[in-house]
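Alright, structures below, take your time with them.
Across the two complexes that follow, chain A remains constant while its partner is chain B and subsequently chain C.
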Partner chain A sequence: MTWVNAVIQGVLLGGQYALIACGLSLAFGVMRIVNLAHGDLAICGAYLGLVLSSALGVPVWVTLPLLLPAAFVAGLALQVLLLGRALRHGVLAPVLVTFGLSVMIENLLQVAATSDPRGLNGGALTLASFTIGGLTVSWLFLAAFLTACAVLSGLQLALSRTSWGRQVRAIADDLDTARLVGINIRPVFATVAGIAVATAALAGVFIGTIGTFDPLAGTSTLIFAFEAVVIGGIGSLSGTLIGGVALGVTQVVVGEVNQAYAVLAVHLLFLTVLMVRPGGLFTGHQPAGEVRGQGALG
Partner chain B sequence: MTPPQGPAGEALLEITGLDVFYGDFQALFGVSMSVARGRVTALVGANGAGKTTLLRTIAGARAPASGAIRYAGRDITTIPPHRRISRGIALVPEGRKLFPSLTVEENIQVGAVAAASDAWPLQRIYDAFPMIASRRKQRASTLSGGEQQAVAIARALAAAPALLLLDEVSLGLAPRVVEELYQVLRGLRSAGTTLVIVEQDLYRAMEASDHLVCLLEGRVALAAAVATVTRDLVVAAYFGQERS
Partner chain C sequence: MTRDVMSSRDAEPSATVSVSRWSRTASVAAAAGIATVAFLAVLPYFIGGQAEQPLITLLTFVAMASLWNLLAGFSGLTSFGQQAYIGVGAYALYLVAAHGVNPFAGVLLAAIGAAVVSLPVSALVLRLSGGYFAVATLVVAAVFQIIATLSPSVGGTTGVTVPGLTGYGDVLREALTYWATLAVAVISVAGVFLLVRRTFGLDARAVSSDPVAAASSGVRVRRIRLLAYVVAAGGTGAVGALVALQTLYVEPTSVFSIQYGVYMLFMVLVGGMGTIEGPIIGALVLFALQETLSSDGAWYLVIVGGLAVAATLLASRGIWGLASERFGWSLLPVGYRVRQPRNFHDSQRTRAR
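For the complex of A and B:
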């Protein structure tokens, strides 16, 4: 029973990893940006939730209708003002810019909010649980998992069914040709960045409600998200969910044996996948770089 | 935005003194040419003569270092590709360049995002290309070369172009398939679309076009009405030989 419980808890934890990872995966798949500040942006979402929920005196869930649009707009602004410009200077520039952004966010948060660990007010949901077949499941963990599933399937649906989604996938296939057939790249990139930051902020709210966070929590968040993306295969959203679940299950099951090895086991799983299947387990796209068209002389 | 209207024969596209560089390498040297409305212009020349560069510059994929491109009486030299498409310029790129993970229909739908008008709904496109209608739900990467080329043309048509630029549509295709594609192009021409075609096969180029422009090492070596030139004259321009 202990093992069944561990697997269930692991799957639920994996949902959180997938939620934080999907924006990273989307941004890389479409814009070829490895956003090293993605984890810090999630933590910013948690702090914004803290500010809003204490100011309004309500559980953080109530602030989501304010918080998510704000995060979306922040993502738009980030893309238009910073990342879009960095992209014009080759592949290395965005990596350096997001690394700098990560350092800046962590230090500004320390100045503004001190290094004290914080938690979010999740209301009655925080401690509620139910028992099924002798297993106790936290409503909060289940809510995080179901939210992740809903966000990822919603994104998948938007990508496969809408004109916006077709444009996003065409850009991911071949940026040069996408521009040539009439896609206006900038607004598409901006909405992708907006969605990436909004999903990160939502994940940050769950992180802050389930556990605690501090200004430096973004880095470890980023590593887990990054591993989920790589295990699942870059650019594949269903892969990202499975990657997150693989991480979560590994962490909880190994933790059942010895808590000291739980996180190490996660990193070893990541390294093993990277060695055996560098493209990820569920690659929907070819490895980056090979699909990009090149201008030719006639 | 509706495609520009006007009498056939007057210049739809006017290019003057175009210089285009790839880094330090200059691909086009002061290229000037004029494309008449409703006519077919063939762009010929050896490999590396600058044909693809010229088409990509007209479509907006490359910015010229100097020179001007006027289309329907307006300067479009600096406007981005999506705004050229909404004014009626569409390119079928060399090597087809379909989006491999998109279905045939999605490729065509993407071609319509900046369409100049709704003159080419999906049904009209499938009527023009019966060979791809049955493949609409398949991924583009699973099609044969001829079918992929048809989809590439269909994707450009979805933008409802007044000026269609076609780069090497017959490359690597069986003669029967090439004939089918040219059949479609003849239909477009009679419907009033202005065409610029890059074609390796000189016979086919001269047979299919009204006007011929030959590029040699990035310069215009010959520009004339097809009716007024002999094949020998074109071959001489093609290889840069002295005319006897």
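For the complex of A and C:
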């Protein structure tokens, strides 16, 4: 029973990882940017949730209608002011710029909020749980998992059904041809960045409600999200969910044996996948070396 | 260092174009560099132990920056996880010193150890490029840190004291640490300079700007990337051993700190990527910043990160790039410069007729 429980908890935890990772996956698929500040932006979302919910005196969920649009606008601004410019300086510039941004965010948060770990007020949901077949499942974990599924399938639907999605897929396939047939690249890039940051902030709210966070939590958040993306297959949204679940299950099951080895096991799983199938587990096998040239979101 | 590339067939010697790789300025710069190193080498006889400390920090910065420049500047491998090899070097120094090897000789062994460790790692991370390579190197550093934390033989989370140094007096120990650091810094800068002046330099820059085109021109892309990665890892391992010698204590959270990755990025970006002079200037800038702002760690890092972003977007060739563009300086040239003879244009006109 312990093992069944561990697997279920792991799947639910994996949903959180997928929620952080989907923005990373989307931004990479469309703009070929690995945003090294993505984890820090999620933690910024958690801090924004903290500020809003304590100022208004309400659980953090109530502040989401304010928080998510704010994060979306922050993403737009980030794209217009920094990432778009960085993209014009070649393939390495976005990597360097987002890493510099990550350092700035982490240390600004330390200046503004000290390095004490914080938690978010999740209201009644925080401790609520239900029992099914002898297993206790936290409503909060379930909510995080279902939110991740909803966000991922919503994105998938938007990509496959809307005209915006068609433009995004065209750009992901071939930027130059997309431009040639008249797609205006900049607004598409900006909305993608906005969605990426908004989903990161939403993930940050769950991170902050389920556990605690501190200014330096961004880097490990980024690493987990990145591992989920690579394990699931770079640029594939459905793969990202499976990648996140693979991480979560590994972490909880190994943690059941020995807590000290849980995170190490996750990293080793990632490195093993990298060694055996560098294109990810759930996509067609990609040749080693050139992961950069991959297209299609799907 | 001049050779003809286009010998004129119609016996018109004035139309010969020559390629130069050296200049009088470069000779003066090299002589000044050697004089500076000689001056730094005799310095411990004139100044006290305390005055050596800031110089040790500066020289460590110079070595780290030059090695990261080999990786990111010349070969296009932006690793933010080089602290993995700082840590491996520091622990390697502890291990060889614990087995009775002289700690100062251990620096060399630590470098070899880090290079050996980097071989299997390279098989994994070099499959990726760009941002994915960058994050994978962060994962490797995290894995090394966890392994060190979980190993009771190297002190686990609490860390270990470097043994074998009690026999030295403080003055001698600090002077020896200083000389070892000077040696590593000089070997790093001179080594990268000599390596990049070889065919490797051209190949590496070709791989960095377009791996596919480089491969199609016969450049062995994998071998070039592997060489850059392993050499940088070995050198960074030596720097890690120096860090252990300086602090006398090896602790996982400090030797695997991402701060090292941030420093390397900052120095190379601000100084000037892909030049020999740039990282040295970057090291001086970081050192100056640290000396003036060290009272507030967080703000200092905000400024470091902000300047790195600004340098990438506004001056992607760094301080040295701006200066050499403006004034045509090249103290330690690594490229090939085509020289036209004085009456080149006249002869062209004659030919055109």
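The rule is simple: the second predicted complex is superposed on the first by the 283 of 298 C-alpha atoms of A that agree within 3 Å, B and C clash if a C-alpha of one lies under 4 Å from a C-alpha of the other, contacts with A are read in each partner's own complex, and residues count from 1 in each chain.
By definition in this document, a contact is a pair of C-beta atoms (placed from the backbone, for glycine too) under 8 Å apart; a residue touches a chain by one contact, two chains touch by 3 or more.
In this text, all values refer to a predicted model and were calculated from it rather than measured experimentally.
In the overlay built on the shared chain, the residue A:85 is in contact with chain C alone; chain B does not reach it.
When the two structures are aligned on the shared chain, A:267 is found in touch with chain C, with no touch to chain B. Once chain A of one complex is fitted onto chain A of the other, the partner contacts of A:174 are limited to chain B, with no touch recorded for chain C. Once chain A of one complex is fitted onto chain A of the other, the partner contacts of A:95 are limited to chain C, with no touch recorded for chain B. In the superposition on chain A, contact is made by A:184 with chain B only, not with chain C.
Of the two partner chains placed around the shared chain by superposition, neither chain B nor chain C is touched by A:277. Counting the residues of chain A touched by each of chain B and chain C gives the higher count for C. Residues 291 of chain A contact both chain B in one complex and chain C in the other. By the touch rule above, chain A contacts chain B in their complex via residues 163, 166-167, 169-170, 172-174, 176-184, 284-285, 291, 293, 295-298. Listed in rising order, the residues of chain B touching chain A in the complex are 22, 27, 45, 47-56, 59-62, 80-82, 85-86, 90-91, 93-95, 97, 99-102, 106-107, 109-111, 113-115, 155-156, 159, 167, 198. For chain C in complex with chain A, the residues that touch the partner chain are 72, 76, 78, 80, 123-132, 134-136, 138-140, 142-143, 146-147, 149-150, 211-212, 221-222, 258, 262, 265, 269, 298-299, 301-302, 304-306, 308-309, 312-313, 316.
Here chain A touches chain C in the complex through residues 28, 32-36, 82, 85-86, 89, 91-104, 106-108, 110-111, 219-220, 222-223, 226-227, 230, 234, 260-261, 263-264, 267-268, 270-271, 274-275, 278, 288-292, going by the rule given at the top.
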